[in-house]
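Two complexes, one shared chain (subunit A), two partners (subunit B, subunit C).
Right, the complex of A and B next:
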């Protein structure tokens, strides 16, 4: 297990290094440079500015400076918001995204397990058909459509009842978080429901369930102790990709609901070509996603010893 | 073999040619190939067949639609901005616009403090009010909802710092709907005193003879007289916030979405098959290295790299973002197929029927053509079908955040993004592209489910 953990972490570090390097090379190849603005600068001023920002040095040296800064956790200063460090932006806005993401993952996982188990128990009966239809819908509709339609629905609901049931946009209280988290988790929940259903059906037809039933255990005990616990395992494996999907889905949900999360800043930076913010947040997000997937894999190995043996 | 006593003892003479009919059971049903069998199973799956028809319909919509509906998707119809589908498209012919001196029209009113001097049209709305003694000036507001109090008067049009002025003409971006105009009294600091009057105006769509002839709405403009009705151009699904035809834009957007959605999977699945098959065939150290590289590509955060790629290569007007998106999708998506195909090849290589064929003297070429390809083709086809909605999703996502095609080119994702801004007042601009994306993805997903059930017994979902 220790060897496996070390190997995975090392692989993760290599991936993050690659992301950082690719970001550097990519940003260097963007046409134009930070100093070419609308006003023409004369050659002397330009040379001075380049020297000031280290842009006159060879690309390899710039690369080592960039990597050194990144290792020290210094992502530089935003281009469009001159007084803000990229670090500050991440520190200030990532907790918002993380709160939203954690809520969404919880909503997706709990909902997926619940609905999946329910459809398996009611297999080929009305509840199964209804939920599976909704699941296919949930997989097929993009999160930004859910976000927009959810907001539209809420506006109409609020104006119909005359009272503000939930706020339509913004951030601050728990009531602000509910709808965005649900919308964000919906696609993943649909996917997890599907997975849970097939895993549950597989467990239900296995020998040890028959044994348990033959022993005379009560259906509730069989369901909670034998079926649910075994069927949940595959759902945990997709938690890694689910976190990735919810993190990137957060970009658009934050945009639609005007939530001051890092995702919205990232999209804004991309639209405004705020190079330092793009570089910083890409590397940050990349590292976050890579290590989240590794973490989920390690947790899975800890829960299910069979994986460790492979 | 040579030491086996039985084999050594047997001679050709020991065998006797079989005569008469064999007692083997006759085949009652006709022999069916794998593909005939799969097609039969697919046909029995209603959802898959319906999806197949939807996909065919979408292709017709995308490729034949623009031949039937020949409206330029970038053309702006400034008379009909953000109109809903099936909206009234009548317009009344009026005289060309003449500036208003504030004197003509209904100059006084007995029962109201604020009134419309003339019938409100899209050309102009002319307001007149009774001056308030002691007021320092007025501020004019316009709203599309009825104001409830002095804080919901709407869009401030102008501030008039002259207490004696008693008329205003609004020509700002009028569309045929009901507006609520409010004239509020302001004090010497320019603040509202809380005293205001509201009047509603049902604006009628009008057009001048010159405009009608310029837009080819009638054959012979010389016969038009003020007061005549003309029909503006027809938009079956309405127009967007710039007055562009929604149907034409949906067709143009479908071209972009399906181009990415069909071409990218085709390329990356093909590359994945080649890569995976090579890796599986060669085996050994090369296989381990190739798979290590595939694992590395899988570990990269997908959408993050797509965005990065678009930032570096995809910026420019119009459709310039499509090609980088295609390339990035291919670069990042092939490993899943490669892994799958490699697994299949390794598995099939060990199958008993392959060993049997080899024992019968089959060549490698025969094995590949007869056993490897037909047995992996099903899995590849299923992967391909599921890759299409994933690619369409990615395109829509990137276009939605503004990293796909640039205006004026339409794609379903960018149309959703534009529709979001006018969602509350004109929901059709968001709903149509959103429904198109959802239906397309749904159809490909259901077809993929059906194909998987029909083609691959092992992957069949437990239903």
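Right, the complex of A and C next:
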């Protein structure tokens, strides 16, 4: 187990190093100048700015300097916010994205299990058809449509009732999080519903359920102890990647609901060629994703020893 | 029992099972909701640690506390006046800081920290009022201005707007590192007298002093922040009508009335809450409808609804002029006059604005000098009118034939139109593509690039035509007029014409208003006659405000949206 853990962690480190290197090379090969502004600057100012960001050195030297700093946990200073460190940006904005992401994942997982179980129980009956139709909608419609519709619905609801039921946009209290988290988790919830449905159906027709019935166990006990518990396993396994995907992929939802998450910086940095923020956010998100995947693998290995041997 | 068919299994004997399972699921759903609520409470506590939205009302107008809530288009990159170069930072800066001069409700320059000022040739003297205070209680002195101006000119700071101080003696040389900043012509004679020596006598220096870059900085405080000046609310001190009490990056900014401000009686609001930072126009409209922000800009599709709801609409010209610039480098086809003339003859800016862009508040472009510029007495564009030149396809084809002959070409290869990737820029590019193909049979390749890449390609000359724009820095036509001077680094099409350069020199150095405006008129004529650019549109906005808030001012110069003159008039 220890050897397996170490091996996986080592692989993860190599992956993160590869992400950092690829991003660095790609970023420096994109045409455009991160120091340019609307107003042209003279040569002396440019030279000084280049010196401040180390752009006056050869790219290979910049690469080694950057990697050295990164190992010490220093991502440098942002180009657009010239007196703000990238570390501060991540520290201040990632918790926002993470909070939203956790809520969205919980929403998706709990909802997915519930709807999935329901559709399986009522297979080929009306509730099944209705829910599966909604599921297909949830998978195929992009999140910004739901975000805009949700927000508009809320505005109309608030003006109809005359009281502010939920805030339309912004961040700060849990009431601000509710709608964005639901919108963010919708796609994953739909996916998990399908997963839960098929796994539940498989369990329901398996031999041990028949045995349990033959033993004379009560239907309640069969459902909770045998069906639900077994059916939920595949759902748990996709949870890890889902957390990473939701936490890092909330850019659109953050934009529509004016949420100060890291996703906004992640996307805007690329548009503004903000080298240090591009590197910082990409490496951070990359490491986060890799870590989540390793975590799931480890839990898997712990549950199922066969995985370790392969 | 037929085990092979799970459907039958759940149906026939399983009705009891389904029933029981349904009950279980209901219990499960309740448990799930309870869990979610519990998690939300924990998250609420956590969110309280990462942000502090509490403290100020989130209502658009809070009559009780005399505060209003608004938004910022984006997170201000920084609040360091010496480095700031964007409009959003400027909006906040004009609320929390005050320079020697400020803009009043009509957009006119009046005394700010300076009580009076006087220009005598190259000597400008500012007499400061003795009751102006920083928010730590210390007086605002002439030394604060001297420090800020000299410091930002030092090459090590790398200020992008340092050029706006270049009229000052030795400023450009100091900025280039040729002389020490000690030799820059700014001197605090005593605490309340600031003596400025100019390079040459110019007529518009006071207009430049109104700009953000000329704001004062308290030297002692600046050095205490150790390079983080203007990075957070507690990393700066204020001398303006308001002071910033909180700045949650990317989320909100709160301003309260500054008790140390010398003219505090003038300020009627007790606080401004910039509660949101987003540029999404739908989100902003929804926030406005929900009564959470006091002002919002509208797009075309929102106008009908605004009419229906009987909102009071306002309009203002933001100041920026957009135009299509040609590449005048000799190796480019567009350096040929007849080709440029042919293209300009099928170009119709009123069709572009009224039938293609269709955004409220936009005006068809006719000149590099926008409509709002002032002339000798009346508006500049009335005194120096642009000749009416309607599209003429026949004439355009004649010019095209001439151009082909001069270039020695049978057929014109496709031209490259460099464009930004905003929705407006895209439809504009597609409009030209269609018009040029329809009327002249010229293929236009659209090269849509994000901001910095477009800038790079402009500087490198990798285009034939480029959609460009220019916003004014100070209230004098020169802010536009020197754009195509051969030495101007922003002249990215590399247009070079001694006749135009000569007129720019006159406009820069003359002190006679008539002579200067004649020069601007001549520059306008050259730009149009030589088809240096094709004017596209002037940008404006239509916006709604909360009926309870009065006196919101929006001007080209100073704060784009100015709440310092606003007050609340409680309705119903």
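Everything that follows uses one rule, which is that the second predicted complex is superposed on the first by the 273 of 310 C-alpha atoms of A that agree within 3 Å, B and C clash if a C-alpha of one lies under 4 Å from a C-alpha of the other, contacts with A are read in each partner's own complex, and residues count from 1 in each chain.
Everything that follows uses one rule, which is that a residue touches a chain if its C-beta (ideal position, glycine included) is under 8 Å from a C-beta of that chain, and two chains touch if they have at least 3 such contacts.
Just so we're clear, the structure is a prediction, and the values are computed from it rather than from any experiment.
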item	value
Fit-or-clash call for subunit B and subunit C when the two complexes are aligned on subunit A	clash
Touching partner for A:122 - first (subunit B), second (subunit C), both, neither	second
Which of subunit B and subunit C A:155 touches, first, second, both or neither	both
Touching partner for A:201 - first (subunit B), second (subunit C), both, neither	both
A:144 touches, of subunit B and subunit C: first, second, both or neither?	first
Contacts of A:30 with subunit B and subunit C, given as first, second, both or neither	both
Subunit B versus subunit C as contact partner of A:18, first or second or both or neither	first
Partner chain(s) touched by A:285 [first = subunit B, second = subunit C, both, neither]	first
Per-residue contact with subunit A, leading partner among subunit C and subunit B	C
First (subunit B), second (subunit C), both or neither touched by A:72	neither
Which superposed partner A:49 touches (first subunit B, second subunit C, both, neither)	second
Listed stretches 243-251, 333-341 or 351-359 of subunit C, narrowed to the one that overlaps subunit B	351-359
Contact residues common to both interfaces of subunit A (with subunit B and with subunit C)	30, 124, 148, 151-152, 155, 201, 255-256, 271, 273
Subunit B - residues contacting subunit A, complex	295-296, 299-305, 307-312, 315, 389, 393, 396-397, 400-403, 416-417, 419-420, 423-424, 427, 430-431, 434, 437-438, 441-442, 445-446, 461-463
Residue ranges of subunit C in contact with subunit A within the complex	3, 6-7, 9-10, 16-25, 28-29, 32, 35-36, 39-41, 43-44, 46-47, 49-54, 58, 71, 75, 77-78, 80, 83, 85, 155-163, 175-177, 227-231, 248-252, 275-278, 280, 282-283, 286-287, 289-292, 450-453, 455-457, 459, 471, 488-490, 492
Of all residues in subunit A, those that touch subunit B in their complex	11-12, 14-15, 18-19, 22-23, 26-27, 29-30, 124, 136-137, 139-142, 144-145, 148-149, 151-152, 155, 198, 201-202, 244, 248, 251-252, 255-256, 267, 270-271, 273, 278, 282, 285-286, 289-290, 293
Residues of subunit A touching subunit C in the complex	30-34, 36-45, 47-49, 52, 80-84, 89, 92-93, 95-96, 99, 102-103, 106-107, 110-111, 113-114, 117-118, 121-124, 148, 151-152, 154-155, 158-159, 164, 167-174, 176-178, 201, 204-205, 210, 218-220, 222-224, 227-228, 255-261, 264-265, 271-273
